[in-house]
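In the two complexes below, chain A is the common chain; its partner is chain B in one and chain C in the other.
Entry: the complex of A and B
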């Protein structure tokens, strides 16, 4: 029998992992939905952000929170430059060209990080107030996981408000649903793309830093978790913030539970489930029907 | 009676499939390699297998326009078919073993193609990726049969035609065997892409909606193409396992799938000989660079991909073809 405490701890761990998945993947979902761009380099941006955060804390005396902000800003700025210079040339190009371009970019990111920093895992030391256990009434649990969940809830709330209640959010939603119409109404699509892309990459950086504690941080990160990020986006639906949120939680909890109770074959189950799900709903669980 | 073949365009269309003299060059070079570099036949064998694998991808990606990241699923299916049959002592004869590998890979291709090819774009890309990952995970789990992470080594492969041993140190048999198989498969693919079936694949690649409109059985053609491509990839995997007497999980991995994609695009997809040019360029470069400067090699490879995607969409053969033509007005996309 699985006791209630086990279920609670499994849910907490899984939801915390899901929050990180969400924070990393949400940018991928919006850029794919908005620009129709297959960006396989997204995991690379998460990794770059993670490295920026880890290095800022280790060598430049940043605190955890200020390092997260630093990583967000640096990655967002770098990706905005890349978007204007390179990505923008491939909007509307063949999927194959986009795939090749972004695979090439991932290779370059991995190789540069290996050359400049080294192939070994970068430890990311959490500040003391995030280490240790926290008492939640029914169970003691790792404080960091609880904090991750809280951060995730704040971020999804903020994103939802930003998406549903601000002018920029309305423009993004309009462009996801019908880009031509949005363009005809005078929305500056190019500017919107750059802002969204930079913001999404910044979020990925945040996720890379927040998740480094249990995902690790080494040059292979960029490819190792890419399939997971893509699964979350595909299951959640393109350009859907809430869809990605539910999908990330689902995958996070499933993965956590399967790794614990079925250490052999848990991953295979997630792949099989994704295949079935995408066959049933090619546009994802929460995506709108393709028009 | 319709227009006779005296119109230049009609003649060009009718003669497209004719053999050109330069088409003998790759085969002469491959034979020459056998006599010129007897010490490097192991590398040569690997190169020919890579050409065969890239050729299978060319059929599905270059001609039918299906963007897949999961082609290694079929390579691995073929390799494991040969590996498991040999290791369990069920079947060690190489030629029939290859046919079995092709059948198993084709079955995997047919089964997955029937469901995957209902989708398009990102979903299709994801599904090919997930199918391959699922197979890799399954091979990892079926430890008793596949050897799990360690793979199967020292496969007992019977002598070719009952006479020619596969010697791992002097892979002369392997080289010629792979060359003959590659030639047979190439003739098949070449015939196929110039057949009406191949023409309809190109039509689907260029404009699927219009092919639907003219009543072409689009999905059936795509599934058939996917299955044939899977069978050829299975032959490539099976022959790789026979030549190396070895199978491991790497045959099913994303690395292999991405590499073959890079090779094909480097050479030029949708051009038959792109597989040859790309494999030679990639394998020679990686043979000399990857072992000495692995990180710099990855950096350079990434840069090359970015440059190809941005500026040279048709690969090396595309550049050659463009140089041979008069400069055309810049196309805008």
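Entry: the complex of A and C
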């Protein structure tokens, strides 16, 4: 017998987890859709951002919100440099080369962080107003989860507006749908890509910081959650903000529910479901059919 | 002329080598120096090194050389390879280490085949010591704390119902079995058992804890590996408001590992644990140990139960080296350790001659705030605890 309160808590927990997945993965989806570039180091950027945020709060006296901004800016800037120096050389390369390069980058990020900062988890202490419980009328729930859901909704709204209503967004959409045509219309794809890459990495950094409460922050972060980020992108479809959003919520809630009600096998179900889904719709639930 | 010199040099080299062989004892250390277990490896490693440094005169005239190998992960396969290489390539005299139980389990056949004394300095699954006659354990068995906690939960904390959440790998199942056995023996009831992901990565504990909360038990007994798992457990417990719901979080001392305790802060207050060591123990040997540790590794660092496992393990190894006068024979080494007694920072310990497992005190502690830091206050103590799993010959512990 499952009570309504149980379902509410399950939905809140799952949606909050989904929001973190969305914030981290959205950049990955857009850059993959835009350039066809398989960036497995994306989780590494999320981790670096999380570290920047945690360290800024711990050592340099930043508040939570200003640390988030700091993490976004630092990671976006660092990734833009990496993109120009390293990634740009591999745009024409085979997918295998791209995968090898980015997974190599992941290992280097992990090793560097372990060496410079240490193997242990970085505690990221939330400000007191985000801790504890909040009364939602029907249910008492973890305040931070509720805040996270609100932040996620604001972000998806802003991104949607940015994508659908701005010139830059239109350029990105055009380039995702048909890169050659967009290029021949005079859209500077390289510049566009640097901007989206940096922005996507900045979002990942934000996700790394906002999600640290659930996912923790240690050097293995870059690899251990990569599968989840890739699942979200695969299910959501490439280059679709709304697709990634729905996929992240779906994965978040399903994963939460399965872990809660079937803990004996919950961690494996999500992978099985993803395989079945991709067999049925290789382009993802919300992606356009491959042309 | 030149040829003569080379011959002389070779002879001199041969002489020094044979002289060194008589003096040097090679200890092969198998620890996860990289990956998720890296910080545990560092603790055990530092514990070993600290013992050697503080007791340099006890080692003389012999020389103990540590040959360290990275076993990388809790999977078992890499540990097996590392142990094999230590035995066959480095020709070590003694083996030591093992953070994770699966690694000790996977290494057991190699240890038996290699016929070398192997000192387990952390891995806590009870039946491991039955898997090779050369295993001696200076750390703990999950049953030491789990079994004692089951009884204490019912008798001292007046719990009638419990939910057990555990990391789904051998010591987790062991901890569940130990707690359940003693808790139900004195009238308690375990109303739900929740496997909470693996040891290889820290999961988001929210769904599992939500499930536990919905069951409304008196106590929620949690075993997860110490370290980041434990930090996440305490955080999730606080964030879901389980304390306000009247559910006490209890467990072995892994959830209040000293190295993580201060970062947990106020969220840790009220946690009740059963364990054989924490850095706040008021024992003269421990005061000296903690002081020496902070001097060596920095005032911000702290030893913990893993460090003590390494420290006591090295004490055992030095005892063997001295007793056997530097010539290590595995069977004689085992004889030397059976019944060996030592004044450890955790209190008096000895090695059980029958099971080769440790005998030690268990402390029931409560985390309280004291002088602005989280302090583990001892509220109960059981002397001379043996591994109940092997004592009572339960399940896989029933072997010889």
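In the analysis below, the second predicted complex is superposed on the first by the 291 of 291 C-alpha atoms of A that agree within 3 Å, B and C clash if a C-alpha of one lies under 4 Å from a C-alpha of the other, contacts with A are read in each partner's own complex, and residues count from 1 in each chain.
Here, a residue touches a chain if its C-beta (ideal position, glycine included) is under 8 Å from a C-beta of that chain, and two chains touch if they have at least 3 such contacts.
As the structure is a prediction and not an experimental result, all values here were calculated from the model.
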Partner chain(s) touched by A:156 [first = chain B, second = chain C, both, neither]: neither
Chain B versus chain C as contact partner of A:222, first or second or both or neither: neither
First, second, both or neither for A:114, with chain B first and chain C second: both
Partner chain in contact with A:279 - chain B first, chain C second, else both or neither: first
Which superposed partner A:47 touches (first chain B, second chain C, both, neither): neither
Contacts of A:19 with chain B and chain C, given as first, second, both or neither: neither
Touching partner for A:264 - first (chain B), second (chain C), both, neither: both
First, second, both or neither for A:93, with chain B first and chain C second: first
Touched partner set for A:232, first chain B, second chain C, both or neither: neither
Doubly contacted residues of chain A, that is, touched by chain B and again by chain C: 114, 264, 267
Chain C residues within the chain A interface of the complex: 34-36, 38-39, 42, 194-198, 200-204, 206-208, 210-211, 214, 227-228, 231-232, 235, 238-241, 244, 259, 263, 265
Chain A to chain C touching residues, read off their complex: 6, 9-10, 13-14, 17, 114, 118-121, 123, 125, 131-133, 140, 142, 144-145, 213-216, 218, 220, 224, 255-257, 259-261, 263-264, 266-267
Chain A contact footprint on chain B (complex, rising order): 61, 67, 69, 115, 118-119, 121-123, 125-127, 129-131, 133-134, 137-138, 141, 254, 258, 261-262, 265, 269, 295-296, 298-299, 301-310, 313, 333
For the chain A and chain B complex, residues of the former touching the latter: 32, 38, 86, 89-90, 92-101, 103-112, 114-115, 223, 227, 230-231, 234, 238, 264-265, 267-268, 271-272, 274-275, 278-279, 282-283
